[in-house]
């Protein structure tokens, strides 16, 4: 692509893991030109100082957000912590389109945001314009959006298998149990004791039981699909791996339906999708290692030993399909590019 | 203790992980004397050749089972693969008591064994004498038993939280979902591709979905506790850690009951137990790293976001409370020793 | 590229880790067409059965070597175990060019092969034609080669820093100590106890001390560079990570030379190389995680506390620059393609 | 032991990893009574709040150092950061004996401390009384010491193999290269980016090359053994495991000596030691996993391919023999107890 027609991109909060992953993808994207990188604490340093694996790439230096010249920018990716993102994005000129990877614009209800995040939303009028960017489901809305709220990693892993089944009325709406197991980068690069190597390696723990902030985001998507308000059980676990989420979902079948019916519907729904793959019945159980580093999401469907129930298992890389990969996918949709542009990379196994 | 009164012990199948863990515990047990170690493939070698961490300990050499002089043995621990164990143990003189760590004698129904293990049981008459050794529950039966079937790791982690609640009629019997996450040693030291480092590290996978052989063992214990036949969903996952199982259990509350009622009952039931601990409400979520290397089992109880439901989380070390530690605990009960003898070791954290 | 002009490729031994990594790279290579995959044990299965991460890619089925129609093949990559490779490759028509990733054709001296591998070489005449494919050093020879012996992972990590320094006479030839730390995939996908997760995780061990088979390969390259026979100390260590080698090299400086002189020479030598990067003095210490999944090799140079000595540290991904990436790099050279074709992927961090 | 005669112990800085490990050992030590735990930031909390694996043990609450009643204390263990330790310990009454696990009192020369730690020593007069507690070497000095400076983890792993060889004049003093690989707990529980799981897992890095602060500590011990000032190369590496150090040492043999001579001397020197074991020639290479959780140190000796040189490899658990275990060993010596008291625990493998 002619450089003159490339998308000029700013990455806000480039020194964390989702920022790093965006850069990995965008540096090899045929239509992307990275024109600005911000990092409040590390402003003034070259990107390679905080992201040594990119030290030999041609990247602009890290600057404070205030130093970005927005006239040169077509698209901003927000990789800032929630709570911070909303204010920063509110200050960006409307001529710049935005894909925000934080949680700030994901909940349509301002009130829900305040309940789960503990403070009133600081850009409520902007929230109204935000489109929830679960690409396979909301592709049409994303296309024309100025502000896309990129989904959370857990919500992506839960909604992709469940939304088609709820739309097709194949499962009960009052008995959805979502048990997720996540690698550590899901918590970002924030320096806190719980994320130290020796606190994570060789162990697993449950956390945020029945109270994790991704719960309302999951419920919002499922409720829209079902046409009624849904509450779910969502129990996340932290385990020792860099990347990956495996989500095991326990559902009650609609009357007369079977696990095969669920698999068929998911197959039908996703058959043309390049990134979402329904596993055949004879495949090995889903494993995160088979999507590591790729934008893929694998879904398996299994009969339950309990009559009238079924089990869904989804796997994805939380930094790719669960964050930066889906963000690039949304960019592709917003700018009329092939949806797979820059996302063709295969999983790194082992 | 006077050496003349020590329990003379043979470990059958000493070269695997449960065998190694037994030796770790028995070598420091005040009343244990290890008199024979068997290992068919490695017979003739010193124990240190296959268990280098014990190379400087005083241990008998590895021999074939046929070379054991049973007159010198009070107790045999069976650490053989299932299917093999039943024949070997059938050939041991009745004067020798046995704690078998394989699955061979766990299912009371010979027919169930054949169904789940794919061949007729080879020692059906011996099966009748076997006592299921979930110590906290069946302590009285274990005391006088000649043959104790030591519980599986997953079943221990599922039954310890569930049995008291089923006995007290606090939860529904038709809607028990058990989602387990296990470290790799649960699969033993068998050399197969799925257990290679590069197939396990940095990933998680579901396996044996709705078909794992520990399912009937779990159901057997729960059914006895409930006084009726129970079927459960049991979904195991393999994750990258040496030791540990975390089991998340989703239950429906009996009418009018709350998560607090469950926690109270578990507290009441286990209050005097040295190894089973119910976490207070303000504790961090249960984590396997806090029981690694110890015989402890921690249980947390949480209200569910779905009305009328609750969440139980248990953690244990699959090689200790889930195998060799519980085996020693059973030995202590069988020989009238303090139940904690040789099992006082604290968790190794980190 | 027009499909009619793509390089038609057979991968021999496609079910192991180097085979898998080749497929990851070749499936996205603009000039590669994969026409045949062999796997003796798994012949008859689809590639996705043994490489589930590629299950949704368009790949030929696994066949036995004898079933390959060589008329359709321009280039064969050999990913077979050493000892096997030489016989299989000897049977391939001369019209097919070969990049062999095994150790079989790396040692120019047939006698050296017999000494280190314990049996006479089975294709001695073919050995004469083999070109050692350390691309940055032997690019000109590789260009016209029919058979390229792709370097071992350890030798690549040791020779890239050392060869320029020996050529420039900057270091002593009789005091080179090479301490390497490797991830587990360096040992291949062979199913053996030492590679089980629980034998590797949470530990490190030295192995093959002063006797590892990569030693003569290292010495061969260094000797050619120095113009005299060189012996080295090479001590490998196995550590818990999937990918990566870090090699720390302790050298004695030539009279009057400093660590800075070494760094300058390496900079001069590699300044135009796309894959080999000399770290600036103010960079963080070299780390394998910054090259994971990429074809890069990073080299740091440090003054020693011992006078007259210096320390070199190199990092690379053993499956990429240490195996399949360098193999593709050699293919690019052999077929007149841009050397970076298909190898532009950035490191996956974290 | 009668409680009235137990050693009354205060642990200063109990919330870190060495503090935690001390508690694990002391809680099962037959002669130890823990009477005070300090933790400046977490004062007021129960120990179980920061060390959940000890939540069910009988431990005093965390208090500030100023709240300790020193009349009740026989022995204080210092687990504070270096720089802090010296001031706190200077304020403890002389009636209390001290084992300090920080680096503060390890360097006999006040000037050396200032050079390497960047500030003048704050308790120079106390430094004079300090005894360096490498137990096997300085046991006699430790016995009567009031203040024992417990050795660093790296220095323990380097000095145990080297000191006997230097004393016996078996190796050259001007060519000692020490390449160490350490698990993450060596860096303590300090919350910093470099110790995050995702910065450590699946990688290895060299750091502190030729400048690590343990260098002068190593040189001090070796110089005393050699009877002359020695400088060494010491290059540490950080790798993904919780516990363990493997140190590979490259030495030049004294004229006419062989690797066998070295092994024999080490055997002679350590033959009666319960914790230091010289591996026989036919043993597997030393591996940290075989000493994990134990107070053992294994040493292997190997001929080098380079003539006139040899290779030493030592392994230990950095939190046990490299810190808290050796501290308890020193306590045992100081109080006339059997040196193995409380330290009999075997390695946890896997």
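A, B, C and D label the chains in the order they appear, each numbered from 1.
Assume a residue touches a chain if its C-beta (ideal position, glycine included) is under 8 Å from a C-beta of that chain, and two chains touch if they have at least 3 such contacts.
No experiment lies behind these values; they were computed from the predicted model shown.
Which chain has its C-alpha centroid at the greatest distance from the C-alpha centroid of subunit B?
C
Taking contacts as defined above, which has more of them, B-C or B-D?
B-D
Hey, how far is the Cα centre of subunit B from the one of subunit C, in Å?
Taking the average C-alpha coordinate of subunit B and of subunit C, the gap between them is 45 Å.
Between subunit B and subunit D, what is the gap in Å from one C-alpha centre to the other?
Once rounded, the distance between the two centres reads 36 Å.
Do you know which subunit B residues sit against two or more other chains?
Counting only residues that touch two or more other chains, subunit B contributes 17, 185, 198-199, 201-202, 240-243, 284, 287, 289, 292, 350.
Spell out the residues on subunit B that touch subunit D in their complex, using ranges where they run on.
Those residues of subunit B that touch subunit D are 17, 20, 24, 27-28, 51-57, 185, 201-202, 242-243, 277, 283-284, 287, 289-294, 296, 344-350.
Taking the touch rule as given, give the residues of subunit B at its contact with subunit A in the complex, in rising order.
174-175, 177, 179, 181, 183, 198-199, 201-211, 215, 231-235, 237, 239-244, 246, 248, 250, 284-289, 292, 300, 302-306, 309, 311, 313, 350
For subunit B, which residues count as touching subunit C in their complex?
So the residues of subunit B touching subunit C come out as 17, 184-185, 189, 191-193, 195-202, 240-242.
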